[in-house]
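We call the chains A, B and C, going by the order they appear; numbering starts again at 1 in every chain.
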Amino acid sequence: MKSKRRLRNNHLWRRTKSALASIVAFVCALLVIAPLALVLFHLLRSGASAVNWSFFTELPKPVGVAGGGMANAIAGSFELLGLAAVVGVPVGVFGGVYLAEYGTVRGNWLLRFVADVLNGVPSIIWGVVVYGLVVLCFKGFSAYAGGLALGFIMIPLIMRTTEEVLLLVPAGYREASLALGISRWKTIVHIVMKTALKGIVTAVLLALARVAGETAPLLFTAFGNRFWNHNLSEPIAALPLQIFSYAISPYDDWHRQAWAGALVLVVMIFLINLVVRFLTRERIAKVL
Amino acid sequence: MESAATIDPPMISPVSPPPQRGTSHVQTSEVASERPAFEVERLSIFYGDKKAIDDVSVGIPSKKITAIIGPSGCGKSSFLRSLNRMHELVPNTRIEGKVLFAGEDIYAPHVDPVVIRRRIGMVFQKSNPFPTMSIAENVLVGLKLNGVRDRAFLRERLEQSLRMAALWDEVKDDLHKPGVSLSGGQQQRLCIARAIAVEPEVLLMDEPASALDPIATAKIEELIHELSANYTVVIVTHNMQQAGRCSDYTAFLYLGRLIEFGSTTKIFSNPTERKTEDYITGRFG
Amino acid sequence: MPIVATPEPSVVRSTIDRMAPPSGVGDKVFKWLTLVMALAVVALVFLVGWQLARGSSPVIQRFGFHFLATSTWDPVAEQFGALPFIYGTAVSSLIALVIAVPLSIATAVYLTELAPLWIRQPIISLIEMLAAIPSVILGLWGIFVMIPWLRAYAFPVLKHLFSWTPLFSGPIYGVSMLAGGIIIAVMILPIITSVSREILRSVPNLQREAAYALGATRWEVTRIAVLSYAKKGLFGAVILGLGRALGETMAVTMVIGNTPQIRASLFAPGYTLASVIANEFTEATTDVYLQALFEIGLVLFGITILANLLAQLLLKMMGSTMTTRAVQ
């Protein structure tokens, strides 16, 4: 009889342990999400009040003068993203095509490995590299240099995601196309890539969202600019750069604007992610 | 059971040499005058070290329906695909022997598989209309991507191909709709129209109706009959009754070897080989 | 059935004639083009190594290994010792791992094994949102929210409780090694969580079912069947997080204090390899200064490559192909 009770108690204890484990793990999950809530809360609290029309349209004012905006930084960010896309998209997408459609098993494994390792290189190193490559050569900071650094970051990202997306296209479509006497490259471009187009677009968008927030690689390539700049071989402002220099400055007004800039940047990035989510949700529904 | 049967030669036309012992070498005896669409000579297909097709020789008659039957794994699909070099999509394959199409070996070094596939079309088991394209675009894709620009010609081919695939009346008002919006049977007919549009001389069909319901299957079988007026049709099927219904000639493959080839009526009513008879009557399969 | 249209021989001829004869050129060019693009990744690795080596070679030749062992960083006096930064990177990353790894793996376990199904996707989405927040914004929050709070509440409490150890002694400024470690922890939580999740999901269900069949509770199934099977992969996830921590730049720079010193106290300001590059690169007035910073970049590149190599190998051994998506 005693042993039965011990058995029952033991069982109870094990069940309790299991429930406790669930609770502890749940608390951990909450702790992981907590910073998100805190950051968003403060972004809204400190940034929303400072985001107004002039923020989007005016240039930064001189030190000590209140007001002004980050119009040039926002525009500059878009320009840098455009340049980055020019570098990153062709190389990344067509590299991904190679990994998905051609190559040997061993060779491709190696290429994927290299791409994955490249994804782990700190972004500031790309800044240093492009500094040595471009800025020293042409004796000046430029939007080109900044765009190149961001583009380098995008290449392995887009390459791997494009490859994954292309591999999802069923083999039957390739077969049917080749059976019609359509050449291999036309099959890949007009049938396979066209079928995977949505996935390729989301790959590019995700990479853009990732580099839109990058500051370190721009510190000594694009460098930043307090004025409008339409010459891509000159330094250019960028939203993350502006946020950084305002945040570490001693002026309260600039701190306020840093929050505003941060809010705008986060909204931009979340919007891109929402678009991606929307595009991919449709795909899942169709498959189901 | 019994030892391996010796190959009794069927009625041999005066032109053909006597079958050799030890090979699965059979003559297309009943087809008298016209040159066969394919003359397969001692074909063997290897995937790596594995031999999928072993020393097969056969003549596929022109403008007739030839069915290839046999238990699963016997190499039917491999054999079919070797007729338009589609098996080359699998890495590490090689063949021995020859496949003569209109007198020329399609495996000769100077022959471009792309050209071969324009003349020898293929329809697959699972219908696969291209998802990003409309019905019209699907039908014409083989022409457009191969450089045909003439709009009037394309329109004409579109209607002709859909008519020949018995699909025109059902879709003529919906040509802009996506190809995947059709039912299963309609999609398969769309794939047939797509294959026909490039005007091949041969249609290879790999179990074209196995994924379809009986009504759609019946429509496909009817269609195959009509198509044979203009094309040589070679159809692989695991459904013996279908082979019996549809085809003029039947080839029975077993474990990569051609056991017997002959007119469908003969194969199904009075086969020469014991193995053929066993398979037909369902003793194994 | 209506009579099927019969194509006339003349049509047959004209269809084939209308098609462009295929040349193998298109195929060859396209394959070559895509190969060149794919090889870009290899070229990029060499590019980085070459640029860093080239930019730092004079200093390497001049100072040799002393560079890594000296703890004085005084550009004016042309004294370049990288030890404070190596120390700072190592300590801040370690702190980050100590905080982040238990939380992340517990969360991953919760999401794959323990949580009710309806709650999983919302939490996953929230973690993805956290991952999307740029480092500079987290640093902004760090300066104006986290540091004041740490300085006012958390640090005094820690000091009160633990002043007997050198780790938690000394003056409190707010900006500190500990703050740097905490903020890096926040940055690496998402990646360790999502990679760990993929690892745990890849554990075959057979393992779990066998344990359930023996009468194990949910937690026991997790501990016995899942976690021990996934050990290697989870370790890989941790190393991946470490690689991320080593290279973290902006958020750290904004909260660590940027003082090149080696102190036992975690309340003291520190400096990391990435931070010194970020802060001083554009201030480098002399060639030697710049080259020294290039060499710091080389060291940083070296250790992150090593960490990532190790992580990728561990993950590939567990057969996970989800690593890149996790990086995003």
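The definition used in the following text is that contacts are C-beta pairs under 8 Å (C-beta built on N, C-alpha and C of every residue); 3 or more make two chains touch, one makes a residue touch a chain.
Note that the structure is predicted; figures quoted are calculated from it, not measured.
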Per-chain CA centroid nearest to the all-protein CA mean: A
Most widely separated chain from subunit B, with each centre as the mean of CA atoms: C
Whole-Å separation of chain centres (CA-atom averages), subunit A against subunit C: 14
Intercentroid distance (Cα basis), subunit B paired with subunit A, Å: 50
Subunit B-subunit C separation of Cα centroids, rounded to whole Å: 54
For subunit B, residues contacting two or more additional chains: 114-115, 118-119, 146, 198
Junction residues of subunit A - those touching two or more other chains: 181, 183, 186
Touching two or more other chains - residues of subunit C: 19, 22
Footprint of subunit C on subunit A - complex, ascending: 14-15, 17-18, 20-22, 24-26, 28-29, 31-33, 35-36, 38-39, 42-43, 46, 90-99, 101-103, 111, 113-129, 131-133, 152, 155-157, 159-161, 164, 181, 183-186, 188-189, 206-207, 209-210, 212-216, 219-220, 223, 240, 243-244, 247-248, 255, 258-259, 262, 265-266, 269-270, 273
Of all residues in subunit C, those that touch subunit B in their complex: 1, 4-7, 11-12, 14-16, 18-22, 24
Residues on subunit B engaged by subunit C in the complex (per definition of touch): 112, 114-115, 118-119, 143, 146-148, 150, 153, 157, 160, 163-164, 166, 198-199, 201, 222, 226-227, 229-230
List of subunit C residues in touch with subunit A within their complex: 19, 22, 26-27, 29-31, 33-35, 37-42, 44-45, 47-48, 51-52, 54-55, 102-104, 106-107, 109-111, 114-115, 123, 126-130, 132-141, 143-145, 186, 189-190, 193, 217-220, 222, 240, 243-244, 246-250, 254, 274, 277-278, 281-282, 293-294, 297, 300-301, 304-305, 307-309, 311-312, 316, 323-325, 327-328
Subunit A residues touching subunit B - in the complex, by the definition given at the top: 170, 172-183, 186, 190-191, 194-195, 197
